[in-house]
Every structure is written in C-alpha cells, then in structure tokens.
Amino acid sequence: MDALSPLAVHAAMATGFLLILLGFYGVLTQRNILRMVVAFTLSTTGVNLVIIAIGYTLRRTAPILDEAVPLAEASARIIDPLPQALVLTAIVIGLGITALMLAYVYKIYQVRRTLDIGKLSELKW
Amino acid sequence: MAALLELTGAMLLVVGAFFLLLGGLGLVRMPDLFNRIQAGTKTTTLGTVLSLLGVALMEPQWGWKLLLIALFILFTNPISAQVLARSAHRTGEAKSCKTVVDRLEEDQQA
Amino acid sequence: MVELLLSLAALLIGVALLFALYRFVRGPSPADRVVAFDVMTIIAVTAIALIALLEGRGIYLDVALVYALLSFLGVIVIARYLERGL
Amino acid sequence: MTKARQAGPLFGALLLVWILLHGSLQWQVVVVGVVVAAMIALLFSGAATPLHGFRRTQAGLRAAFGYLGYFFVELVRANLKLAVIILSPSLPIRPGIVKVRTRLTNPVARLLLANSITLTPGTLSVALEGEWLYVHWVTVVSDEVEEATAEIVAGFERYLEVMYG
Amino acid sequence: MILTGMTLLLCLVMIGAALVAILGKGLAVAILATGLVSLVASLLFLILAAPDVAMTEAAIGSGLTTFLFFFVLGRVRGGEHD
Amino acid sequence: MIKRLLALLLIGGLGGVFLLLWLDFTPPTELNEVARYYAEQSAPDLGTVNITTAIIVTYRGLDTLGEVTVLFLSAAVVGMVLVRGRRRTAATAEGLVSGGELLASGSRLLVPLILLLGVYIFVNGHLTPGGGFQGGAILASAVLLMLLADPTRRFSHRLITLVESSTGLSYVLLGVVGIVLAGGFLDTRILPLGEFGTLFSAGAIPLIYSLIGLKVGAEFASMLANLSETEAL
C-alpha cells in the first residue's frame, strides 16, 4: 500500500556504509580488545544492511507467497530473495565468530591479565 | 461497517502510540531510575496492547497472532522491569531526593 | 482519514523513540540506559505491527512475536550483570 | 502417572498456544502440535503454566474473569494516573519503597500478583522475599505495612486467593 | 511516505547508537548500544522487505549476543581500566 | 598519533570508495535473471511459500551444510579454548547472586513457551518468515533464560551432544537419499510436494529445516553451557 521511495533505500545504504566505517575506525583506534570486538560486530551489521539495501527492489514486497502475493504475480511483485539468504547466513555465522572472538578475549585475559592490545606484543617485529 | 471498524482501529492505534509517547516523555522527565521504570513499563504495556488491538480491528484475520503478542508482552514486560528494579536496588542505584521511605534498604541493613 | 491517523501514529511512535534515545545517550547510569533500551524494544513491537499494516503483510507479525517473547532476555542479562549474578 | 498428570495442564496450554500461533485447525497443524506439545511437556514437567494449581471450579473460573476485568481496569487507571503525573509541569511525585504482606503461597499466583502490581497505579514490585513484597510507590500514601497492603495488594489477592487456593 | 519517514528516523537512531557504541565511556554502555543497533537494524530489514533476515537479527540480537558480551565482560571486569 | 592519522586516512579512502558506490547506486525496479528464475520456479518446483527458504535449503543446500559445519566448529573451538578453566564442582558458584523468586517463576513459565515458539518458527520455515537458524537461536534463548534464572544450573552435555550429532547425521543422510531418489545431493523432492501452503508440503524442506533448527539450537546451547561452566577468574 505505502511504497518506499528511493530516498529511503539510499538512506539505509548510507547508514550501512557509515556503520562499516565507524566499526573500522573503532577496530583501528581502540586499545581494548573487547571494544575492538564490539566495533567489529558493528561493522558486520553495517555490511548486512548494505547488502539488504542493494537487494531491495522498488515497489515490491517480501518473497513469501501468501494471499497478499499469489503465485501468478510472483515475478512481478517480489524482491530478489538471494541477498536475503546470504545475509541470513552471515548473521548466524557472525554470532559464531563473535562467540569465538570473545572466547579468545577471555583466554587472553586469563593468561595475561590485560586487555590492552599494546601490551600484547609477542607478534610484533 | 468495515470502514467504521477501520476508523476505530486507526484511532486506537493513535491512542496506543500516544501512550508510548507518554512513556518516552516519562523516561525523560522522571528524576530517578525507579520512577523511570514505572513510567517506561506501564505506559508502554498499555500502549502496545492498545495499538495491537487497533491493528486487530483493522485486519481482523490477524487477530489470533496479535492476541498472542499482547499476551507475551503482558507477561514478559513486568518481569524484566522487576528484575531490573531489584538489581538496581541491590547495586545501590541513586534515588531521587524526593524519596520519602525505603523499607527494603532498612530491612537489608537490619 | 485512516491514512492521516496512521501517519500520526507513526509520528508519535517516532517521537517516543527519540525521547528514549535521548535517555539512552544521556544516561547517567547504565541502568537508566537499560530502561531506555527496554522501552525501545517494546516500541519496536508496535512499529513492526505498523509496518505489517502498511505493507499489508500479516506474516511480518512473526517478527513481532519473536521480539515480544525474547526482548526481555536482553534486559535480564544486563540486570544480572549489574548485580554480578552472571 | 503423577508426572503425566503434572504435565497435563502444560500440554493443554502449549497446544492452545500452538493452535493460536497457526490460527487454523487443519489436521496437520493439530497432529504436529500434539507431538511437539507432548514432547515439551514431558521434558519440562516441572515447568509452570497459569493453569498450574488453578482451582478448576465454578468459583475459580468466576474469580479468573473477575481478576482479568479488574486487572484491565486497573491498567487503564494506572496509565491515566501516570499520564497526569508526567504531563503536569510540577511532577507531583512522592516516591518510596514500602513493604507489604502477601498470603499467597502458589508460585504462579505470586508471580501474577507481582506482575499485576507492577502494571497497576503507581506501583512497581522490587523484591519478593517470603511473605514480604517490597513495592516502589510513586506517590506514597502510607508506609505502614497494613495500610499499604490494603491499598496495593488486597484488590488482586481477593481474586487470586480464590483462583489458586 | 510513512515508511520513508520511518526509515529516515531509524537511520538517525542507528547512527546515534553506533556513535555511542564507538565513542561511549564505559564498555557496558558500548555493548548496550550495539544491542540497540541490532534492534534498529532488524526494523530496517523489515522495512526493506526482508522478514527472514529481520527475524534472524531479532532472535540473535535480542538475547544471545548481549549475553555473550556481558558474560565475558563480567569475567574480565578488572581489565576495563587499563 | 601517527597510527591514528593512518587509521583516519584508511577510513577516508574507504569512505571515498563507498561514496562513489553510493552515488552510482539506483534502486532497481526489475528483477535480474536469477531472481526471476527463483520467483517463478521455486514454488512449482519445490512447493515452498517462502522463497528464501527454498534457496537456503535446496538451491544452496550445500552452503547451508557448510554453514552448519562452521557453526559446529566454532562451538567446538569455544569449548576447547575454555576447557582448561572448566569448573569441577558447583561449589565455586557460591559467589554468584541468585536471580530471585520472580525471575525463577517467570522462567519456569516462559521457557516452555519460548521452546514452543522456536519449534513453530522452524517447522513453519517454508510458510512463514523464519526457519532453522532463527528457530535454533530461539531454542538456545530458552536455555539462556534457564541459565539466567539459576547460574549454577548444569546442563546435560551428553544430551546436547546427542541431539547435535544425530540431527547432523540425519541431515547428511537425507542429502544422500536425495541423490538416490531425486535429482542430487540435498534435493528435497524425495517426499511428495503436498498441497501448496499447508504444513506438510514442500517435500523434505520442513524436515530438513527442523533438523537444522535442532542442530543450531544444540550448538548454541553447548556454547552457552561451556561458557557458563568456566571458572570465574
């Protein structure tokens, strides 16, 4: 009924890009590892948002064929389902990755008693 | 008839949204955490229930699902408010200077 | 008429969201932010119902169902963290 | 046997929720619902539902409806009262945490009581310890246990006592 | 029209929350802000006609992510200030 | 200082690239060829209402298998990283504050409901939004709620492992059955398509999505259980 204008899609995409940049900025400048993980999840969300915004097609609706979208009209009414499948996967994997990163943060703290990236200098050369 | 139902539904939706707005305003205006929880819990619960009722009037075939959503909100929302209030009280959250009595603290110190 | 009322409702919800965001940014204590967060999740349920209405898709309500039942988990997690019960 | 009887109310409630979720009574939905509800009910026979310990008599049923009606009236009253407080420029509050007593012993009834108190005029349950319930009150009328109990708890307890015995 | 306005507002809220997450003072606040970002992202996904994705974000962002972060934060509480 | 400058430079460059991409973008109004194929063919071919589900379970079923494997690996690595700190007895948990009576009763009330919602989400994966991954996450949320109400609670690792491995095995077996009875690995047309739009339709998709749901739920649950059982520092 109520259509989304191209402006909104652009805005959503810009927000996604901004989120990616903010997340990268956080990862690059923070000293606390846990904060880096937080920034990383932020940029993951940004990437997901950008992909979904790219997949949006104007004046169309979700790729689910119920009484609102009968099968005959499907190709004229629905949006591209592929990016959605992609992002769905990415979000779930993102949680797995976050858990893994956090487990390592925990382990690092257990061994070294610090979360400051500057003090973890074994790999520096 | 259907048009009237739709109009009523839309009005209920507006009323519900108004209560949500009150919740937000209460969140901003109230002086300390406990009062904010009060404002945030009650108004948003009623606001959500009302607006879901409004949506149900506008689209009657969604009724059952909306009923379930309202039920879940009615159950979960107070629980989270209580747990948060308890935890905040335990950690010694600052109370407004208007507070007249605190029996829980008295009992804990006794 | 209905259209107008719906936009009014959306406007009110948006302003409520902004108020909650103000409390979220200002704090002062973490618990205050949690209350703001809680209010925002509840507002999100209404917003989802409104989006479903505007797009005319009843199946969107499933997302509201998930939020209605799970949103309190986040608040409880933080409450338990604050009282050191995690 | 007792396990099966305990799981009965839970099974019924879950099946009801399942059917409401689908909003249809097709045979496939009911069959899958029965299987799923039975599995969850057997796995969590210790879990509670509002039906747990509910007194299935006419008086209990009448009290349940009375409770629901009273609850919604109180919910609306609570919001109007709060709206007046929030919208008035001087913010007329007099907050405090008072202590009230409850006679209920059934855990579900106690949870319902605490939830109802949280959603009704100016009160928020903070902690529940034994028979004592600590309630945050936006406009403290009295900090004496008996008076506060009469003011806050009595209305709901009247119905809940009949419902859960 | 309504949906467009809603999208713009949600974008604003999202950027605000992201700024809090990156620049905010305490770690707890930053984590809470990512929860908020995930909430708003879920609404945006729904507006952009991706209910599956919105539901994934809802199911994962509302409880699990927050728990993982706060659990680890609770265990490394001392490491925050250095 | 120089580091921050470099970071800003990098962000600026990336931002420039993004800006170009953003300015170039115009939202399409027509579907591309692949999407049109999915839109027109997936419902008659596979009988799914939700086309995203058709893509995840059938057209790109192998990717999903890989994804489930990645999740399994990350859960296993979390367990391995934390294994040294595994708590021996529940006695060390005494320092934890209990959740209080309200939360305990609330969790007893809500855990079955959350489980039911999770099952609803993944059983109806082919009809409504949602599916195995969402449903699995919701199942794990129920486990999380139990954990929050009582931090000392122990979960049966054997049960979790059993659910995880048996569902994983059945998933792969169903895929192999697809090679024998239908077009190829993870082809879901091994069962009759049924009536379009009902619960028992879309071939093996509901079955596979339920298996994925249980497996994902068990993986996240084992992650949570492993975390909660590590010793406080």
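We call the chains A, B, C, D, E and F, going by the order they appear; numbering starts again at 1 in every chain.
Heads up, the rule we're going with is that contacts are C-beta pairs under 8 Å (C-beta built on N, C-alpha and C of every residue); 3 or more make two chains touch, one makes a residue touch a chain.
Note that the structure is a prediction, hence the values are computed from the model and not measured.
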item	value
Any chain in contact with chain A as well as chain C	E, F
Contact-graph separation of chain C and chain D, given in steps at minimum	2
More contacts between chains, E-F or B-F	E-F
Cα-centroid distance, chain B relative to chain E, in whole angstrom	21
Chain centre separation (chain B, chain D; CA means) in Å	15
Chain centre separation in whole Å, for chain B relative to chain A (CA means)	30
Inter-chain centre distance, chain C versus chain F - centres from mean C-alpha coordinates, in Å	24
Per-residue multi-chain contacts in chain A, two or more chains	2, 9, 14, 25, 56, 61-64, 66, 79, 84-85, 88, 92, 95, 99, 106, 109
Residues of chain C whose C-beta touches two or more other chains	6, 10, 17-18, 34, 54-55, 57-60, 62-63, 65-66, 69-71, 73, 76-78, 80, 83-86
Set of chain E residues in contact with two or more other chains	1-3, 47, 49, 51-52, 54-56, 58-60, 62-64, 67-68, 71, 73, 75-76
All chain pairs that touch each other	A-C, A-E, A-F, B-C, B-D, B-F, C-E, C-F, D-F, E-F
Residues of chain E touching chain C in the complex	1-3, 5-6, 9, 13, 16-17, 20, 26, 28-29, 32-33, 35-36, 39, 42-43, 46-47, 49, 51, 54-55, 58-59, 62-63, 66-67, 70-71, 73-74
Chain F - residues contacting chain C, complex	96-99, 103, 110, 113-114, 117, 121, 128-130, 134, 138, 141, 144-145, 148, 151
List of chain F residues in touch with chain E within their complex	50, 52-53, 121, 129-131, 133-135, 137-138, 140-141, 144-145, 148, 220, 224, 227-228, 230, 232-233
Of all residues in chain E, those that touch chain F in their complex	51-52, 54-56, 58-60, 62-64, 67-68, 71, 75-76
Residue ranges of chain C touching chain A (in the complex, touch as defined)	54-60
